[in-house]
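Which chain is which? They are A, B, C and D, in the order written, and residues in each are numbered from 1.
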Amino acid sequence: MSALLEVRGLAKTFGSVRALDGVDLTVEEGRLTGLIGPNGAGKSTAFGCIAGAMKPSAGSVRFRGREIAGMPYYRVATLGIGRTYQIVQTFADMTVLEAVTTGALLRHPRLPDAIAHADEVLAFVGLAEKRHRLGSALTIADKKRLEVARALATEPTLLLLDEVMAGLTPAECRDAVALLRQVLTRGITVLMVEHVMEVLMPIAEHVVVIAAGKTIFSGNAHAAVRDQAVIDAYLGSPIEHGEIAEGAR
Amino acid sequence: MQVRRLAFVLAAVLAFAAVPGAGIRAADPPEIVIGSILPLTGASAQTGAGLRAAQQLAVDLVNGHVTYPLPAVGHSGLPHLGHARIRIVFADSQGKPDQARAAAEQLITQDHAVALIGAYISSTTATASQVAERYGIPFLNPDSSGPGLTTRGLHWFFRTTPNDGTFAENFYQFLADLQRTQRAEVKKIAVVGEDGLFGTGAGDAEEDIGKHRGFDIVTRIAYPATTTEVNAEVQKVKAAAPDAIMMASYLPDALLFMRGYKDQGVQPKAILAQDAGFVDPGFVKALGPDAEGVFTREVFSLDIKHRNHAVPLIDQLFRLRFGGKPLDGNTARDFMGVLVLADAIDRAGATTPDAIRGALVATNIPGNLTLMPWKNIQFDQSGQNIGGAGIIEQIQDGKYETVWPFDIAVKKVVWPMPAWKH
Amino acid sequence: MRAHLLALGAIVVVGAVAAFGLHSQVTLELLFTFLLYAVLGQSWNWISGYAGNVSFGHAIFFACGAYAAAMLVAAGFSPWLAFPAGALVAGLLAVITGFPTLALRGHYFSIATIAVAALVDAFVRTTPWFNGANGFEEPIRNGWGAMQFAQKTNYVLIALVLFAFVQLATIVLERSRLGYYLRALRANHAAAAAVGIDERRWKLIAFAWSAVMASAAGVLYAQDTLFVDPPSVLGLSVSIDIALIGVVGGIGTVWGPAVGALIYVALAKGVALQLGGTGKGYDLVIYGALICVIAALRPRGIVGSLVDASRRRRGARIANDGAAPVAERAA
Amino acid sequence: MEALSTFAQLVVAGVLTGLVFALVSVGLTLVYGVMDVVNFAHGEFLMLAMYTAVGLALLGVGPIFGLPVVAAALFVFGVIVYRVFVRRLLAGPPEATVFGTFGLLVLMQGLAQAIFTSDYRSAPNPPFQGTLHLGVLAIPQAALVEGIGAIVLTAALFAFVEFTETGRAMRAVAEDRVAATLMGIDVQRINALAFGIGAACVGAAGSLLLLSNPAYPTVGVQYALTAFVVVALGGFGSIQGALVGALLIGLLEVLGGFYLSPELKMVPVYLAYLIVVLLRPQGLLGRR
């Protein structure tokens, strides 16, 4: 399987703060990769650099072999990378159908084709019967689902999901996971950023863990849970004997 | 659906608007209607109000029985038309060219005016006179000085007032006369004016005629009329060190320039102004002694009462109607414009356009039968009154005194203008 | 969609009937001015309503058409050429001035348009071939070739065709990729970028179309008024009149500009002609008060608020009873 | 030598012109900075202030002594306009404030023409009409007084906003209206106050302006245009930025007028605006 997205030595500094200090990440085509790490590990910064607009201080982000670091969001979307936002962004005064149609227009310039395609995507994500409701009148779960539908409507080859599970009830999470499985079956590669480990476990075949701006683990999800570096990152490393002694004195 | 109903309402409203506008008129009135286009709202509303009062006064005198040494006055209407009375209908141009055109159309098609008069602001006169040309109705312009108006080859356009070209000619004739009588040496001239139609028209004429007569135009300055400071312009004039400065400005910029000249020690022998801001009541009031000695061209002055004793009488009648304000260049010209038109209609003996036009072409009213300092009123084939001429006044002891032409001057010319007082 | 076409058809028919049926030149003149300002209002609406960049310098595109007509006639060509020529110049001017400024936010864009308009005004005033402050005056001609007519009827007909084209284009806009993208950009920038909308490119397209429409209106104005100079076609007051028509009627709607133009013509022209004799600024007072009331109570303008009301009612109705009416949507 | 003294005089004139622009723009910075409302009727507030000052002058109170009275009158006018009108505009969509203040502009123009007519009206024999001569430089006293007024007004407003309680509250509202409400700031009162103080600044400006300009219905239009360019150039909401922007524009206009041509003297001003806004959208010192 060829690598769809390759991130090498990604670094980003804000003034004196080194938010990212060498993140490496590979997303295999057709598989769901999880990007995970404790709060403040630099996940959002990494996502920002990958999704475009945020120019990394160093390192490269190659999509299908083409460098896309710092490219504006709309160019990245046109290349075939769909995305959702951590805080859901809806077209307030548009109906569900109109919002997804707006996404479909990227590949289907003629409106009738776009509307037809939008209807397909709505059916696929299960929002068909709410197609005429105003986006602003939906529940959080439906808004997130709408955002995924909107991204799918642009027929991406890679879908970037930024904490799409945040704020959902366990039942809504299950529905979301079910949807993600269907997305994978359509051959769309997914990179999912989360900070809740068990959400990723059931669906992520490949997991990359970052902490303090560095990649500390890359591999199978189950192996990740048992990896000492990952545990230390999450639970904090055990205190060496010597340190206490010095501290106490 | 809500909006669909609204769109149909829109269509219905349009339909209703169309029907009542058919404009069926009552039986033809015994009166003869003259249409007048003036800037009754907008920036020149105040001037428009004065012109309106002067035109109405002229009509009332034509319809009245009191006689004055003026054409068509005091015969209770037009004698050759069975003493039909004249009615003047006013329409507002708002000082905008397209609104002036709409006003002209209304006067011709709805009020059935036999002739039009107007419109003070040159650009509005241009569009209104084109409507008259298209409908074949005589158009008399008493008060726009833009030179271009009579170079358009219009068949129905007549203008009684001298234009900027005449006034520029007057300036140079005045300077020539001064050189002859008072050894006044003027060689270098600065031409300064706002960059609108008024300033450009005056400035072009002053520059062309000056060069033609061998004067040295040392600088030509056009500045945005709405400017709030004129430092750069004053410095340019100072650098050119002219003998005389010709100005075409409105009041705010006129004051800025005069104060600038004083501050920067620009001391020309003469400042020659194309009235406008320099004859505004606020000019002398604001500058006091610093206004002394300024020359301005004028089209009218109460000083010429010895030529036609009607002048003070008409002035008195006008003050009664317009809050005590005296007759000035604009109101006097509009007053005369109405009389010239009434006289032509009377001599035509009919209200058909051709008859009136014929009478206008044949017009030859001697200067002393007018309020104006003109030789006579006679139109050339371009419709321009060739008998018109301006006069030149000088501010002496805070008052505008006629100083040229010498035959009607009431005061000697103070030359050169007094130095700035510090 | 169908509703708009029906309404447009009705207005075109009524307009045509009025054009031929009416004799009163004054009423025809008001009808012509209504159509002209409806076109201008709609052209302004494309950039300031649909695209959300409020322009206070829109007169420069109106002037492109007006000057194109006057200069072509002065050079001996037919004024009909001014439609393509004016459109080309206006379109180019829109792209050149729009490219750097369209990304500016809110007031910065509005003030930038004033600055650009002032620069164009200075350029026209000081460049010799525009005749400076004297402008152009067209000699009187007659007939379709010269696009000049004694009777107003033909002017109304041309204006009607232009009005129909502009309204049709707006109806199509709302059902087109450009329309969706402009709405998306106005609703949520981040979401719009995520679905691949290049803000500058699509707003430039809207701006160019808007300029072309305004230029066409300029050609008609020049052929009706036969006089063109900087203050009458390029001044700040012209841009302000155009903007106010859009606001009163309702921004971002198909029929807003038409309603705004109707109110403008009724007030500015009708009142002035009737009140003409009094000499005071009464029409300005009435007009200003009306704008204040509308801005305070009905900020989306008359049609805009009707659209909002209908959409909210429909949105709410769907939310609770779930029944999905036919995909018909107004405005 | 001659060219040098001309240049020196032009620079001095540019600075004095810039200070007058600052005088007229100060009120706008406060109103915009605090409430995000660009008051397009700013020019008409200035016109009203000048007419009030003329009224006082006719009653014998000159533009200098009358200044606090005019400022107070405009303060009251500003608060009333905010409470009755602008408050509703702020409740509407962003464009409501733009077009609402536009309607106000047209309304005040109409009223001014109806009530005052379009005659030019000025204070009878105003003070400071003379000229100060410093070597080769000539400085009109009126411009000097207006300049000093501008500096004093800018400093006072800056001190008010930086160091007083209400000033801090205003900056909080400017920063984040919602957070300010959470901190217990009565946003409506602060907005009304800001609008009133902004109008009071225009009142002071109107009084001083009467020393060199007559009052007429459209006197405010050009000053307002320049004020918007000045405030945007200096960075909306930055009081000291407006002063810097004003000085820059004053110099550009005067020097541009001499070395370029008087007819094109506004070109460098508008070009400077476009260049700065395109390169630094938040203006020279603004923080937005």
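One rule holds in what follows: contacts are C-beta pairs under 8 Å (C-beta built on N, C-alpha and C of every residue); 3 or more make two chains touch, one makes a residue touch a chain.
Note that the structure is a prediction, hence the values are computed from the model and not measured.
Among the chains present, the centre nearest to the common Cα mean is that of C. Simply put, of C-D and B-D, more C-beta pairs touch at C-D. Look at the CA centroids: the one farthest from the centroid of chain B belongs to A. Centre-to-centre separation of chain C and chain D, using mean CA positions: 32 Å. Distance between chain centres (mean CA atoms), chain A to chain D: 50 Å. Computed centre separation for the pair chain A/chain B is 76 angstrom, with centres defined by C-alpha atoms. Chain centres here are Cα means. That of chain B falls 37 Å from that of chain D. Among the residues of chain B, those in touch with two or more other chains are 41-42, 45, 49, 195. For chain D, the set of residues that touch two or more other chains comprises 113, 217, 221, 263, 266. Multi-chain contact residues of chain C, defined as those touching 2 or more other chains: 125, 280-284. Taken chain by chain, the contacts fit none of the simple shapes, being neither an open path, a ring, a star, nor a full set of pairwise contacts.
By the document's touch criterion, interfaces exist between A-C, B-C, B-D, C-D.
Against chain C, the residues of chain B that register as touching in their complex are 1-4, 6-8, 10-11, 13-15, 17-18, 21-23, 40-42, 45, 48-49, 52, 90-92, 94, 96-99, 101-103, 105-106, 108-110, 123, 126-127, 130, 133-135, 148, 152-153, 195-197, 199-201.
Put simply, chain D touches chain B in their complex at residues 2, 6, 9-10, 13-14, 17, 20, 113, 117-122, 124-125, 130-131, 138-140, 212-214, 216-219, 221-223, 226, 253-258, 262-263, 265-266.
Touching chain C in their complex are the following residues of chain D: 32, 38, 85, 88-89, 92-96, 98-100, 102-114, 217, 221, 225, 228-229, 232, 236, 261, 263-264, 266-267, 270-271, 273-274, 277-278, 281.
Residue ranges of chain C in contact with chain D, taken from their complex: 54, 100-101, 104-108, 110-112, 114-116, 118-119, 122, 125-126, 236, 240, 243-244, 247, 251, 280-297, 299-300. The touching residues of chain C, when paired with chain B in their complex, are 3-4, 6-8, 10-11, 14-15, 17-18, 21-27, 29-31, 33-34, 125, 132-135, 137, 139-140, 150, 221, 224-227, 229, 231-232, 253-255, 258-259, 262, 269, 272-273, 275-284, 303, 306-307, 309-310, 328, 330-331.
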